[in-house]
């Protein structure tokens, strides 16, 4: 395995992107999972379906939608460009965005199941003892759903780490800037540099296996 | 994906009743039947597979129709992409009858591996390298690429795309490489470069003049690279040694080199060597 | 001191319409399973919203459909003991009981904690998890937790139904002592006639979403209003004997 600077860069970039995407996923995904688990409102199932779509759609379709939205002429991107003279395309932020979108459904599905699995009576008991919904969520609901939530986080991180299709479309594959490990492996094998690719492949496989193991351990109670 | 969906449906139905499950299984098997029968598996004997540089897409598709009109029993299957990627595929075992690349190098690579059928190689087209910008772009020359205004420049990945190599040669000729290195966005093939420019994702790109013509409404040609700034863009075509239908493959090459083929190439802006 | 309940609620396939009031006593909501007793408790606690009616306790209005008053469960001064006790599995006994002290001033908190845990003989268990203590101990912890805030009313939803007979008898004695020590009105839901006979000061008989008889225990047992009440009091002999022993 040849560990030259480009391999090290790709590794660091992949971890950076996956970590940033996972933070976003927790901050945004957890409240959504809570909402879906505990509340009823018109359009709830529609929201669930649209947020789950990236899980079943091919990543290239997700990438297509992201370009439609965030491309320089996209319906969000054009305003970004107009006001900030900046486009997210071909930056590592776009890689974070792609990873976020495809891994979010994992957090939401697992998180929702974990939160729904908390005994209703316990939550009701907390209310009768005078604790507000927010306090109950913090002191009762979340701690009791901890294992399932952790499983969701681990799965999301692993998915974010391995994201390729949508990332390629919105971040491009720019050596030294946006070539995460999956993208670097793609270019290396496409140009015949098999040995360097092999090193990264082994590394990614080990990391993925490790995360699956962790996710299994945490989720044994709900799966 | 279909399995995920049907697995969900089936699960819900299993809880209900036996007849519901039978109905679901019938629909499911119908879908499978449709899917599997719609795509005949295996290659038919009367097929010619042509791997060609993607800049040849429009011209070759038209030549293909010409060919099929003449040889009604034979179907032409095209595989367009960056020449470097196509070489990888063939080296990896892809069954290709005819190969046409956008640079001598890729055909030389195939020849070095002994995969070219001797006596069938011929140069059939020439092209120019141009600098393009989105229609509203204000760039006038290659030198403009060094200015602050230009933040992103798209070219093909030099490792696999001939247009990317030509672009690098042009940049070296104008001594721009060190300045613009950080602005480069690599695309997988020359048509993707064109797409990035047409969509306005980048400020400029380097493609062939024939590509710029295909999307002339969305891109404008800012400058043409002088012939001395890069290796001559000469397209070779050849029959591959592993061809399963030598006669049909040779006939396709002949079609490209024929009077009608040349007229089609010229129509799309290629020059004839 | 008292609780007044007048509520109606429609659910799929079931309709509840009841009206009753109690003073400082132990009242039993008595009837077959599914007759609306637990639902009534949930409405009193504010865990579900009635379609119409008024609920007041100790002079405070918790719900008034006409005046659009609907206090959140957190604002109602009630102690609720659930059927499965609902002790928090991830907290110790001490943390569970203190969880019930929301809104109690700091200095009083420890006082009350000590008082309750000593009275209920659970002080030694404070660092154990609910999974590590016995059924009877869990019961007493649940009661301690519910009483931390000195609620105006105690609502008990069949808390003893999962216990075996010796423990059940022990808990009945416990409840009687509790009434003597803390003068708080209690609403107890049960379908066990023996329990009603042994504990109730007054009985409110439920059947299919309405009250079909209410009155002092003596009245209900000696003069059941109709066949349905008689059926409910099957096993009457035992119950009457228990009741007579009380007198």
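A, B and C label the chains in the order they appear, each numbered from 1.
To be clear about the criterion, contacts are C-beta pairs under 8 Å (C-beta built on N, C-alpha and C of every residue); 3 or more make two chains touch, one makes a residue touch a chain.
Values in this document were obtained by computation on a predicted structure and should not be read as measured data.
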Review point. When every step has to jump to a touching chain, what is the lowest number of steps that links chain B to chain C?
Key: 2
**Study point:** Chain whose Cα mean lies nearest the overall Cα mean
**Key:** A
Check your understanding: Centre-to-centre on C-alpha atoms, which chain is most distant from chain B?
Key -> C
Review point. When the centre of a chain is set as the mean of its C-alpha atoms, what distance in Å lies between chain B and chain C?
Key: 77
Practice item. Let me have the rounded angstrom distance from the C-alpha centre of chain A over to the C-alpha centre of chain C, please. Key: 47
Point to revise | Computed distance of Cα centres, chain B from chain A, in Å | key: 33
Review point. Where on chain C does chain A make contact in their complex?
Key: 45-47, 72-74, 76, 78-80, 82-84, 86, 88-90, 99-100, 102-103, 145-146, 148-149
Review point. For chain B, which residues count as touching chain A in their complex?
Key: 1, 4-5, 84-85, 88, 152, 157, 159-160, 184-188, 199-202
Study note, to complete from the structure: Residue set of chain A touching chain B in the complex reads 56-58, 67, 71-73, 87, 89-90, 172-175, 187, 190-192
Exercise for review: Would you mind writing out the residues of chain A in touch with chain C in their complex?
Suggested key: 119, 121-122, 124-132, 139-140, 143-144
